[in-house]
């Protein structure tokens, strides 16, 4: 089912910059690392303002990251066609993240006309074991 | 299965104040409105810093609110016995919230020795229709 | 948001009988107990063929029941307009059911043009505590 | 985190045969295809009794298959230490399965002392695109 993305990594980043400047609120934290056929990878730079006491990255910061990564994967693969909205999001918290960047890897399980479904693995530091696993559904508006 | 809570609303609020001062980071937003048998209600004051463009309250702000409400319900019903952690969180986004406070109502579906499971309805303004519905599981450590 | 259902309990039951005779495969087990504004209730009669060893009702039998109840709630509230399909289903198993009928109570959280979202509580015997809680999304085809 | 399984494919199959003969109720449908480090694969033979009208495999049959595969993965990797129970199960239905066997591939995301979390991709025929994606949590009893 996979075909080449219709936007490059740089095009997606420029689009986000223009349309969603608020994701950089408080300083640049998110970087689109890669986009591919039905996939995307976004990095969240380690920063105090995403932390809870004990140095753990907060659940909401993880959620924002996972949601952004799924949006990037959709955007790169269908183009900037309008405001897709999250309808469903299921989080499994697996391990305590360390004091390092988070890498968020998304694979689209389905990219239909009305719904896109993806899974995201959140990785911390150099460990291959995900700290959280997310599945999420976006509703895609009629064009 | 419901019995009286072991902590009052005021005791829970004082506990949060002492142990989690960071939830008030940036200004006081959360208020514990009520605790009851297997239930709790928390209010998030409407404030610009929880918004996305268009005036919508952000998904991560809703997640933080729902998670806090479940924690308050557990705390009130078992007492301050240690660090319960969220293992699972499933969000359904239903409607766009308005420009008003969010009310978060939690009912515990199960309060076992090892796991607590609850559901949360998020309400906006005076509408009885939830803007989001959440189910979540906490793992309770051995005492 | 709630308005009167457009089909009665008897009409829904007759529709299921005609369109989905296979739900009675092996004997009549399901009975539509009630339909209401954004709600429905279906009973699963206790029967050996839904059991696992130890007398517990199987997870798949519970899933079939919850899914049917959500479908009944949608049907009763929008009428027999075509083949809605389940896109998402999240189960929390809470307690071991007893050797008795299961009652499945559905409340629609949202009934939109494209998506319907509902929650289901499964009750066993006379206990008010649910044995399982389910949230699910149906995709509604364009008419 | 992955280490070698503690049971072989044949040992798991013999265990299921002895402890859960009811999964073969109505004829042999399930075959354990492989077990590996934090993984397992189970096949469901195409058979009329798992169908809904139109030739589609029913949701509950898919659920039973996914649940069994996760159980097999846990069993193979921790040994036959007692009755793990499903606490949570989240299904995304992605595509209509064809008239062929279903292959169920499980990867354990976490195998802790108290909780095991896994994801399952269900594949139909020779397509690499999953027809359903499942995440699920098992509670592991104290030994």
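Here the chain labels run A, B, C and D in written order, and each chain numbers its own residues starting at 1.
The criterion applied here is as follows: a residue touches a chain if its C-beta (ideal position, glycine included) is under 8 Å from a C-beta of that chain, and two chains touch if they have at least 3 such contacts.
Because the structure is predicted, anything quoted here is derived from the model rather than measured.
Undergrad: Which is the least count of steps on a path of touching chains running from chain A to chain D?
TA: 1
Undergrad: Can you name the chain that lies farthest from chain D, using the mean of each chain's Cα atoms as its centre?
TA: B
Undergrad: Is the contact between chain B and chain C built from the same residue numbers on each copy (over half shared) or from different ones (under half shared)?
TA: Mostly the same residues.
Undergrad: Go ahead and note the Å separation of the Cα centroids belonging to chain A and chain C.
TA: The answer is 34 Å.
Undergrad: Once you find the CA centre of chain B and the CA centre of chain C, what distance in Å lies between them?
TA: Here the centre of chain C sits 28 Å away from the centre of chain B.
Undergrad: Using Cα averages as centroids, what's the distance between chain A and chain B in whole Å?
TA: 25
Undergrad: Mark out which residues of chain D touch at least two other chains, giving numbers and ranges.
TA: Those would be 87-88, 90, 92, 117, 137.
Undergrad: If we count contacts the way the header does, which residues on chain A are in touch with chain B in the complex?
TA: 20, 22, 52-53, 58-61, 63-64, 67, 85-93
Undergrad: Along chain D, where are the residues that touch chain B in the complex?
TA: Residues 87-88, 90, 114-115, 117, 137, 139.
Undergrad: Mind listing the chain A positions that touch chain D in their complex?
TA: Answer in residue numbers: 1, 90, 92, 94-95, 109-110, 117, 119, 128-130, 133, 135, 137.
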